[in-house]
Each structure stands twice: as structure tokens, then as C-alpha cells.
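Next, two complexes with subunit A in common: one pairs it with subunit B, the other with subunit C.
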Partner chain A sequence: MSVISIRNLSVTFPGDAGPVQAVKDVSFDLEEGEILGIVGESGSGKSVTCRAMLGLLPRRATLGGRILHHGQDLTQPAAMQAARGRDIAMIFQNPASHLDPLMTIGDQVAEPLIFHFGMSRAEARAEALKLLDAVQIRDAAGRMSAYPHQLSGGMKQRVLIATALACRPKLLLADEPTTALDVTVQAEILALLKTLNRERNLTMALVSHDLGVIAEICHRVIVMRQGEIVESGRLRDLVHAPKHDYTRLLITSQPGRLPQMTDQRPDSAPLIELRDLSLHFPGKGDKVVRAVDGVSLSVRQGECLAIVGESGSGKSTVARAVIGLNAPTGGDILYEGRSVVGLKGEALTAFRRKVQMVFQSPFDSLNPRMSIQRTIAEPLWRHGLATKAEAMDRALELMDMVELPRSLAGRRPGMLSGGQCQRVGIARALALSPRVLIADEVTSALDVTIQAQILKLLTRLRKEQDLTVIYISHDLTVVRKFCDRVAVFRTGQLVESGTTAEVYADPKAAYTRDLIAAAPDLDQALAGVT
Partner chain B sequence: MTETSAINLPARDRPRLKKGTIELAIGVLIVGAWILAAAGAGIVAPADPNALDLAAVLAPPGPAHLMGTDNLGRDILSRVIHGARIDIWMGFIGVLAPLCIGVLVGLVSGYYGGMTDTILMRLVDITVAFPFFILVIAIVGLLGPGLANYFVALGLVAWVAYARLVRAEVLVVKRLEFVQAAKALGFPDRAILFRHVLPNVLGSITIYAWTDAVMVILAGASLGFLGLGAQPPTAEWGVMISDGQPYIVQAWWICFFPGLAMVTLSLGFILISDGLSRRLRVSQ
Partner chain C sequence: MHYLTFIGRRLLHIVPVLIGISLVSFLLVMLVPGDPVRLVLGPRATDDAVAAMREAWGLDRSLLSQYLTYVGNVVQGNLGDSLKYRLPVWDLIAQYLPRTAFLIGYVLAMTVPVTVLLAVTAARREGDWPDQVIRLLSVLGMTIPVFWLAVIFARLFGIQLGWFPVSGYGEGFLGHLHHLFLPAVSTSLWLAPVLTRNLRGALVQQMDADYVAACRAKGLPERLIFRRHILPNSVLPTLNLLGVMIAFLIGGSVVVEIVYAVPGLGALMIGAVLGRDYFVIQGLTLVYALVTVLVTLVIDLLTAAIDPRTVG
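This part shows the complex of A and B:
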């Protein structure tokens, strides 16, 4: 029996150049007890579809088609009001922004019970405690009176799930529920969702951009693109025999399926050395935040070194210290055997020409008020390597190099896609012909198909420019394909380092083993029991 | 993926309602009309603003004098039009001087932080601690009455608002990755501040400046009224209201029309400010 049936759903938003159809004629059924994955890239309409099922679209959106739930059409406001929260519940990407910061955990979970079932506060709180237990929050009784800011991201998502489950909904919608979480936490939340599905016969729709995540828990999958369903069915069948070109592209772009891009070289001389590097910041009260604590590491000429770790591991702080954006509080950083800590003036400028960085956020890392040609040209003339006119010409060549069409030269970042912005960031970093390129989570904000293109580009540039690359990432699958050596960080300390092949084949530290096991991978998930 | 991209629409397809266009248009129309009138005062004004006509003292509004005449028989309409020159000029300089100082202080304070920030912000706190208008009057009183000294007083006092505003914006912008990127690229601070930070904080300053212009003109007129601003017989709206005050009962038009002029010009400024802020809010 189907819990919900979507029939010819379409969602239209008004736009500058006429209405924009975010969802076009989408139909599917959700059978009781199944987990349906909805996968697609940004702009595919997957989130809009999901939100439409709960009537959470902005007012300016126009809805077409029908959403049937037990004979009721949920596109009607009255029917939606009755079902929302009670029969259908939803969890979101960013748990922090969906919890009331001024309300205790216990009260937040109890609230829907009071509202929908008319329970007394005491009854509701007793029920809330059971729910917190059910979502595997340790010491649930003690956590009842905690506020959201006292919990970690993973815990917040558990609380959000408990709140959603409070009214025993038949259907749980999950919109990218693990995207904002660390991989090890993601694995735990996915396991929890699986358990809930089994034990409570809870039907779920899981929206994700990550096929690996979908593969972990979903029975069936819908692939969306530009508002349309391009293909649907069991994931195993889809992966083995994709019918649509886009599905094929999506599958070949999965990090686990990318070709090996490493470039194993005979041991070359170290180019950058970190010696017992520490960065301590003053924290609350007398506490000291040890962002980086006693790290010794060397980066060899021409290699690609991965620095991996979860949030708070200090991986980005290390990179920022190397490039001189953060001053170390202890230890030393050597470049070609000479210390670069505390460089000033001309020496610092000269060093910065050698080591360049590409940043995480494609949009934030470019000045929104500058055309991309100017953005790429600026380093050249500011460093006195060319006149402004020459720099502008050279910028066009750099655009060719990163495969950006010259026709985009006059555009500002707001008019480009995320992948294009990231190419601009790379071109700007390469303008000074650096020897070292630090890439800080450069693909984590991009769609997988774009990620595959950027990785391919970086691999080509690495060879052509003889670059040494420091690749900072939380994604172990990408690192495995792309980097020669890997250094694993946890809470500011270096846990393990070695060649990628060695570390993945035989991780020495328990933490590394956890990380590798937690990384969602399409093929591994398919090989396991699904 | 950020929270805002949850509803996955490509950036350029996001509907951009041109909010604020009407306000902006009306504001520009009003202010534009005043600027034209002020620029062409010699042609537009029906009479010499300072020509005395003792035969027509305190004449009520009528065909000969559309806005009437004052106690010396001067044509109010002509004086209002000529007064626009002074008042618009006052708004312009009175905003520009504090703006330049404030933006510079705010940029340096927000960007460098630390000791520089502490010292500059305490200076701001001290200035803010005095009531704005009293401080301006005190400074003008000390330096002597006149428009030039009013500008000096404004420069000394009014920059604090800009400094605070700019500092707050800089604190946000300087954490954005493109500023970090500029640093990593080894650009000099001057280039980062003026080429990368400043253009991205100008929006809110522009919005504030138009509202500030209203305040500057009103305060200037008040000073004129108190005899500390523009000096008679200069046609300035505040001075005119001051001149008309003794005759308010028998000749209301002497105060009314300069007052009305001030209201319309202020309204124009506020509409522009409002329209701009709505527009910027939408396009960001």
C-alpha cells in the first residue's frame, strides 16, 4: 500500500525572465516501509519535491498536480494542515538552525505531543525521554534539560529526528540530513535511520546529492535532473545498467569510480617542512584551544599530499599557517630549508608568489564586484609582473588553461556557476606561477559531476605546471583517488601519515580505520547487504 | 551545500523583484527637481531674492507673489528657490566630510582590530556620549557662526556614525574568503582595503548617507534659525523661518513655504534611501 502518491507534480517559481519550472510533471509512489532515495544535483528539484510533500514551499510558488495521502489531496491547505507533523514529518540539512536555541531539548521533543495529542506537559516529557532513548542519545535523562548549543551537530540531528518521530508519523522526509555532518557522525545517523525504518516500519524519503549515502540505506532510488525524473528503480539495477546518459554520468562521477589520478614518484626532496608546529588560540576563560598541536610533517617536491580530518581537526588551520594567514605559536615552517615564519615585507611577498591557495566556497572566495578577468589579472600587476594591459591579456590565457570560455571574461562571480567560480579561483592562484598549490576543500561545495571535472583539471595542471599540491579534504574517497600521500588529523594532532596506498590498505591508527569505514562509497554499499 | 541552496534554483533564475523602484523614482524626481531649481535659480526665480519692495510688505500669496512676501517685501518664492542652493549644498558637504572621515576610520578600525581598533572605538564612544546637537552648537559657538564652521563641526562630530557602520560591515566582509584570498595572494593592505573591502561595504553607507543628509539639512536649518548657521540676508530656509517667526500670526506664509520646501526635499532623500535599501536587500 502506498503511503503517498505523487501525481504530475509541478512547481513553478516566478522569475525575471518568465516563470521557472523547478519541478516538471513528477509522479511516483512511496510504498509502506520502504526508503526511497531522491538523488540529484543542485537545481534538480529534489528538495523542492520533498518540501512540496509537506507544504513548505514559499508562497510565490505555484503548485500543480496532486499529492495523495490516504485519499486526501495534500495540495489542499486543510488536508495538509491535518497531515503535517502528525502523519508526515521532516528533518533538515542543518539541524542547528531548526532547533529553537532558547528551548530545552526535552521541551522541543515534547512540544508536538502537546500540540497534536493534547498531552499534559509531564506526560509529554515522559514520552520525549523515550524518544530520545530511541534515537540513541546517551544519558537521555540528563540531556532533557540541555539547550541546543550544548550539543554536537550529530546530537542535534538526533534531537531533530526525535522531534519528527514524536507523533509517530508514517512518513519521514529527510532533506540532506547528513550533509552538514562529519563522515563518522554521518555513518551513525544513517545507521539510526535504518534501524528506525526496520523497527517502526517507518517509510522514508531521503533526499541527497550523494549516491554513496543513498546506497547505504535506500531500497529504491529516483534520479532527478532539471526538475524531471530521468530514471528510477532499484539502485543496483541503475548502477549496473543505467538507461539515461545523465545517470551514467552521475555514476561515473562518483569519487569511488573515478580513475586513479595519483602520480607516484620516487622520493623527492622535501619542499615544505612543518616542525613541531603549534597554533594555540585563547578560548573561553583560561582555556586554550589547541587548534594545531605539535605537528611535524613534510611535503615533498611534486607530490600531492592530502590532509584529511573532520571538522575541528585543525586541517585548515595548518594550511593557513603555511601560507602565513595564521601565525604559529610554536614550532617552525620551512620552505626549501628556510624558515618562513614571521616573514615581512618583500620577503613575505616573494614567498606568497611561490605558495598559493584555492578556497572552499566558490562564491565567497571571489570579490562579487569585480569581473572575473580583472580578478585573475590582479595578482599579476599587483606583483609588478606585468602592466595592467598585459595582465588582462594573460588572464584570458589563464582562462583557457582552466577551460573557462573567454566569453565569460566580463562577468561577475554572481553570474557564474559554482564550478566556474572555482575555476576562476584556480586561475587566479596560478597567475603567479606558484610551485605549491594549497586546495582547501575546493570541491566540497560542488556537485559530484563538477567535482570530477575539477579533479581532472587539477590533475592536468599538476603535471603541466609541475605543481606540488596540498589537498585538504574530509572526503576519503576523493583523497584515495587523487593524492599520493595522506596525513590524517584529529583534534589538532597528526594521527597517521604515509602513502595513500599504504594507509588505505593497512591503517595503523584506530581513528583512521573508523574514518575509512565510515566514508560512504557506492560500490562498497552495493556489495554489502542493501 | 549551504542552507540557502536548499531550494535548488540556479542563481540567475531566482526571481528578482525590483522592489523599491517606485520609491527610488519618486525620490529622484523630487530631489532632481530641487537640484534643477537650485542650479537655475537665476532663471527660475521670478524675482531677485534680496530685492526689497516696501510697497508690498507682508503680502499674502497671490498672483503677484505666488508665495507672498516677507516683512521687507522680499518675494518668498524666489527666496525659497535661492535657498535651495544653500540647503542642498549644505546637505552635500555636510554628508561628504563626515562620510570620508568615518569610512576611513571604520575601515582601519575593523580591518586591523587590536589596539588600533580599541583606541579608535573609544574615541567614537566619547564623541557619542555627548548629545549630538549640543556638541555641534558648542563647536559652532566656539568657532563663530557661519556655514563653514558648521561643516567643521559636522566633520568633528558626525563621522562617528559612519565609522561604526563601516567597522561593523568590515568585520563581516574581512572574514569572507575573497579577502583572505587577496591576503594570500600577497596584495598590499591598501589594495585589499580599497579595492576589495570598501566596494563591498559601500551599499549600506550609501543608504545611510541619504538619511543623514536629511538630518544635516534639518540641523543646519535649525542653526540658521538660532542665528549660528547661514547669516542674513542670505536666503536659507532656516534663516527664513527664523525671520518669519515674529510675524507667524499675521503672515503664516513666511515660515510655511520654507518649511514645506524642507519637508519635500527631506522626503525625496528618504525615499531614495528607502528605495536603495530595498533594492540592495533584494539583489544581495
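This part shows the complex of A and C:
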């Protein structure tokens, strides 16, 4: 029996250049007890479809078609209000921002019970406690009076799940529920959702950009692109025999299916060495935050070294220390055998020319009011390496190098896609002909198909420019394909390091094993599905 | 428990501020050009008389010892004597302060409910005509100078219509309310728009917050979401602005107090400045600073009571 039937759903937003149709004539059914995956890239309409099912679209959106639930059409406000939070509930991408920061966890979970079932506050809180237990929050009784900021990201998502389950809904919508979480936490949350589906016969729609995540728990999958359903069916069938070109592209872009891009070369001399490096910051009260604690590591000439770890592991802090943005509180950083800690003036500038960085957020790291040609040219003339005219010419060459059409030279970042912006960021970093490129989560804000392109570009540039790359990432599957050696970080300490092949084949540390096991991978998940 | 430690820490922060305040108010008189003794005794006093007075006042001692004496006196409530009234400064302030405090309380009682009402209306009807009208009136209210408004009100409601007295403080609570009505309205008409714009902005921002979408997903009705979630999250910036404004009003009530001849701190200050009544100026500086510290403290404690993140 269908829990919900979407018939010819369309959603239109008013735009500057006329109305924009975000969802076009989409129809599908959700059968009782199944987990349906909705996969697609940014702008595919997957989240809009999901939000439409709960009437969470902004007022300016116009809705067409029908959303049928037990004979009621949920596009009608009264029917939606009756079903919302009771029969259908939802969890969201960023658990931190979806909890009211001023209200205790217990009260937030109890709220729908008080409203929908007319429970007293005490009854509702007693029920909330059971729910927190059910979503496996340790010390649930103690957490009842905690505020959201006192919980970790995974805990917050569990609280949101508990809230969603409060009124025993038949359908749970999950919009990228694990995207903002660390891989090990992601694995736990997915396992929890799977358990809830099995034990409570809870029907789910899971929206994700990550086929690996979808493959972990979904029975059936819908592929969306530009507001339309491109293909649907059992994931296994879809992966083995994709009918649509886009589905094929999506599958070949999965990090696990990318070609091996590592570059096994004989051991070369170390270019950068970290010796017993520590960065401690003053924390709350008398506490000291050991962001990086006694790390010794060397980066060899010409290699691609991955620094992997979860949030708070200190991986970005290490990178910032290398380019001199954070001063170490202990240990030393050597570049070609000479210490670069405490460099000033000319010497620091000269060093920074050699080591350039590309940042995570492609839009935020570019000046929105500057044309991309100027953006790329700026470091050259700022460093006095070229006249402005020469720098502008060189910028065009750099655009060729990162495969950006020259016709985009006069555009501003706002008129480019995320992938194009990231190419601008790379071109700007290459402008000073650096020897080392530090790439800090450069693909994590990008769609998988774009990620595949950027990785290919970086691999080509590495060879052509003889670059040494420090690749900071939380994505173990990408690292496995792209990096020669890997260093695993956890809470400021180096857990393990070695060649990527060795570490993946035979991880020494338990934490590394957990990380590798938790990383969602399409093929492994498919192999596990019976 | 956390909240108590927060209060303790916050109180500790005040200590250096108080030391700074005492230093500034002490040096204020020291740095005044001319000799206060000469000022008191007049230009024709003999050198012996001046020397005797200097000794009597302790002005011949070191700056540090004078400062310590000053702090000792202040702690005991001794702010010196007014040169003009020949009265202890503390008695003068104790006489004038309640009137200004009453005026500010009156202003707040008028402003806060109106602000909340207008801001909520504007935010809930964002972009619609009520919002446009409220925004227009806000700009108008902020651009009209208080002194001009005060003079016009005094003429219209005070003299022509005779509804309200245009000077004095009145007798008894109702008398105060009646006498201070026009000064309070004149101030409110400027204060309410400032606060309304601030609160409306915060409300509009919070209405788009993710947790609001999450509340809708829970099936809560809009009214409940607004009251229980959006409003508490929006008041914090406005509360802090209100604190700054109250501190500002203590010193900034001068204009309306002069126009409406309210015998409050502002009037006392103007008289003291014009009459070079140094010890009154010194005492008032101290009081203004202390009240500001106190208001900031109260606002911080309120903020911490609403927002658990501040307590940490």
C-alpha cells in the first residue's frame, strides 16, 4: 500500500529572468515500509520535492499536481496541517541550525507531543526521555535539560530524529541527514535509520547527493536532474545497467569508481618536515585546546600527501601552520631543511610564494566584485613579479591551464558555477608558480561529477608542474584514488601514516580501520545488499 | 550552578572598570585649569589663607595619597560639597536622581510595549502595507530632533490646549505621571523607532531560520512557533541595544529636562557646568559611570538568563 503518492508535482519559483521551474512533472509512490532514495546533484530539485511533501516551501513557490496521502491531497493547506508532524515527519541536513538554541533538548522533543496529543508537559517529557533512549542517546536522562550547543553534531541529529519520531509518524523524510556529519557518525546515523525502518516499519524517503549513502540503506532509488526524474528502480539494476547517460555519468563519477590517480615514484627527498609540531590554544577557563599535538611528518618532493581526519582532528590547523597563518606553540616546520617558523618580511613572502593554498568554499574564497581574470592576476603584480598588463596576460594562460574558457575572463564569481570557481581558485594559487599546493577540502562543496573533473585536473597539473600536493580531506574514498601517501589525524594527533596502498590494505590503528569501514562506498554497499 | 559562576565571573569583571572610573573622575578635578582653592576663596585671598586651605583639603599631599583619600571618601558616600549650594554633593544627587530615574522608567513603560507591538506587526506582515507604514513612521520618528519635538509639544499640548503642564515634576505618583507625560512622549517618539527597526530586523531574520522550518515540520501552528521560538531568539540584540539606550538616556535626558524644566540630573549637570561647580561635576560623572555599569550588568545577566550559550 502506498503511504504517499506524488502525481505530476511541479514547483515554480519566481526568478529575475522569469519563473524558474525547480520540479517538473514528477510522479512516484512510496510503499509502506520501504526506504526510497532520491539522488541528484545541486539544483536537481530533490530537496524541493522533499520539502513540498511537508509543505515547507517558501510562500513565493507555486505548487502544481497532487500529493496524495490516505486519500487526502496534501497540497491543500488544511490537509497538510493535519498530517504534518503526526503522520509525516522530517529530519534535516544541518542538525545544529534546526534546533532552537534557547530551548532544552527535552522540551524540544516533547513539544509535538504536547501539541498533537494534548499531553501534559510532564507526560510529554517522560515520553521524550523514552524517545531519546530509542535513538541511542547515552545518558538520555542527563541530556534532557541540555541545550543544543552542549551536544555534538551526531547527538543533535539523533535529537532531531527523536523529535520526528515523537508522534509515531508513518513516513519520515530525511533531507541529506548525514551530509554535515563526520563519516563515523554518518555510519551510526544510517545504521539507526535502518533499525527504525526495520523495527517500526517506518517508511522513509532519503534525499542525498551521495550514491554511496543511498546504497547503504535504500531499497529503491530515484535519480533526479534539473527538476525531472531521469531514472528509477532498484539501485542494483540501476548501477549494473543504467539506462540514462546522466545516471551513467553519476555512477562513473563515484569516487570509488574513479581511475587510480596516484603516482608511485621512488622515495624522494623530504620537502617539508614537521618536527614534533604542536599548536595549543587557550580554551574555556583554564583548559588548553591541543589542536595539534606533537606531530612529526614529512612531505616528500613531488608526492601527494593526504591528511585525513574528522572535524576537530587538527588537519586544517596543520595546513594553516605550514603556510604561517597560525604560529606553532612547539616544534618546528622545515622547508628544504630550513626552519620557516617565525619568518618575517621578505623571507616570509618568498616562502609563501612557494607554498600556495586552495580553499574549501569556492565562492567565499573569491572576491565577489573582482573579475576572475583580475583575481588570478592579482597575486602576480601584488608580489611585484610582473606588471599589471603582463599579469593579465599570464592570467589568461592560467585559465587555459585549468581548462576555463577565456570567454569567462570578464565574469565575476557570482556568474560562475561552483566547479568553475574552484578552477579559478586553483589558477590563482598556481599564478606564483608554487612548488607546494595545499588543497583544503577543495571538492567537498562540489557535486560528485564536478569533483571527478577537479581531481582529474589536479592530477594533470601535478605532473605538468611537478607540484607537491598536500590534500586535506575527510573523504577516504577520494584519498585512496588520488593520494600517494596518507596521514590519519585524530584529535590533534597523528594516528598513522604510510603509503595509501599499505594503509588501506592493512590499517595498523583501530581508528583508521573504523574510518575506512565507515566510509560509504557504492560497490561495497552493493556487495553487502542481499 | 553554571549561571551562578557566570554571575560571579561577570561581577569580577566590574572591578577593573570601577578602578578606571574612580581614576578618571578623580583626575577630572585635578586636571581642571586653575586652582580650586583660588576658586573657592576668590582672587583676593591671602597666600596664607590659600596655603591653610590647601593643607586642610590635603592638596599638598602626593597624588596617590589624595587618590586613596578620595576613594575612601567615595566608598563612604562622601562626594564632597557643592561650591554653589554649600550642600554635600551626595545629597544633591539623591534629590535629583529619582526624577530622572522616574522619567526614564516612564519612557521605557511607554516605549517597550509599543516597540514589541509595532515590530511584531511589521515582521509578520513583511513587505505588506502595515510593514511599509511602520517603517516610514520609524524613519520619521528618528529624523525629528527631540528638542524640536519637545518645543512643539510644549506649545501645542501645554500652552494652546492646556492638557499637560509644561514644567516641573509634580506632586505624588499621578502628579509625576501628568507632569512628565510630554517629556516622556518626546523621548519615546525617538527611542521607539530605533528599537522597532532593530527588533523587526531580528524577527525577519529569525523567521527564516532553519529551526523554524523544523518547528513547522513538527506540525506546530505559526502562532506558537512565533511566540515560543522566533520571539525569544529575536529579543537579544534589541535587549542589548536597549541597555545602551538606557545608559545614554541617563546622560541624554538633558535636552528634555531643560525644555520642560524638569529638575533632574540633566538640569543639575547643566547648572554645575555653567557654575564651575567641580565637585558636583565630579560626583555626577561618577554616578553616570556607575549607572551605566549597572545597566550593562543587568542586561548581561538578562541575556545570560535567556541564552544558555552566553553562560557556556
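Just so we're on the same page, the second predicted complex is superposed on the first by the 529 of 530 C-alpha atoms of A that agree within 3 Å, B and C clash if a C-alpha of one lies under 4 Å from a C-alpha of the other, contacts with A are read in each partner's own complex, and residues count from 1 in each chain.
Here is the rule we use: a residue touches a chain if its C-beta (ideal position, glycine included) is under 8 Å from a C-beta of that chain, and two chains touch if they have at least 3 such contacts.
Owing to the predicted nature of the structure, the values given are computational and were not obtained by experimental measurement.
Asker: Taking subunit A as the common reference for superposition, should the pair subunit B and subunit C be classed as clashing or as fitting?
Answerer: After superposition on subunit A, which the two structures share, subunit B sits beside subunit C with no clash.
Asker: Between subunit C and subunit B, which one touches more residues of subunit A when both complexes sit on the common chain A?
Answerer: Looking at subunit B versus subunit C, the one contacting more residues of subunit A is B.
Asker: Between subunit B and subunit C, whom does A:415 touch in the aligned arrangement: first, second, both, or neither?
Answerer: First partner only.
Asker: Regarding the shared-chain residue A:160, is it in contact with subunit B (first), subunit C (second), both, or neither?
Answerer: Second partner only, subunit C.
Asker: Which holds for A:364: it touches subunit B only (first), subunit C only (second), both, or neither?
Answerer: first
Asker: Examine A:102 and indicate which partner it touches, taking first as subunit B and second as subunit C; both and neither are also allowed.
Answerer: Touch partner of A:102: subunit C, not subunit B.
Asker: Of the partners subunit B and subunit C, which touch A:90 in the superposed model: first, second, both, neither?
Answerer: The answer is second: A:90 touches subunit C but not subunit B.
Asker: For A:144, using the defined touch cut-off, is the partner it touches subunit B, subunit C, both, or neither? Pick first, second, both or neither.
Answerer: A:144 contacts neither subunit B nor subunit C.
Asker: Touching A:291 in the superposition: subunit B (first), subunit C (second), both, neither?
Answerer: Neither subunit B nor subunit C is touched by A:291.
Asker: Looking at A:378, would you say it contacts subunit B, subunit C, both, or neither? Reply first, second, both or neither.
Answerer: first
Asker: Could you tell me if A:47 is touching subunit B, subunit C, both of them or neither one (first, second, both, neither)?
Answerer: First partner only, subunit B.
Asker: Angle subunit B-subunit A-subunit C between C-alpha centres, in steps of 10 degrees?
Answerer: Superposed on A, the angle at subunit A reads 30 degrees.
Asker: Give me, in Å and rounded to a whole number, the least C-alpha distance separating subunit B from subunit C in the superposition.
Answerer: 7
Asker: Shared contact residues on subunit A, subunit B side and subunit C side combined as an intersection?
Answerer: The answer is residues 92, 94, 97 of subunit A.
Asker: Looking at the complex, which residues from subunit C come into contact with subunit A?
Answerer: Subunit C reaches subunit A through residues 209-211, 213-221, 224, 228-229, 232-233, 306-309, 312.
Asker: Taking the touch rule as given, give the residues of subunit A at its contact with subunit C in the complex, in rising order.
Answerer: 54-56, 81, 83-86, 89-90, 92, 94, 97-103, 111-112, 115-116, 147, 149, 160, 163-164, 166-167, 284
Asker: Mind listing the subunit B positions that touch subunit A in their complex?
Answerer: 1-3, 5-16, 176-178, 180-188, 191, 195-196, 199-200
Asker: What residues on subunit A touch subunit B, complex-wise?
Answerer: Residue list for subunit A touching subunit B: 13-17, 20, 22, 42-48, 51, 57-58, 60, 92-94, 97, 175-176, 179, 209, 323-325, 348-349, 352-353, 356-357, 359-361, 364-370, 378-379, 382-383, 414-415, 417, 425, 428-429, 432, 445.
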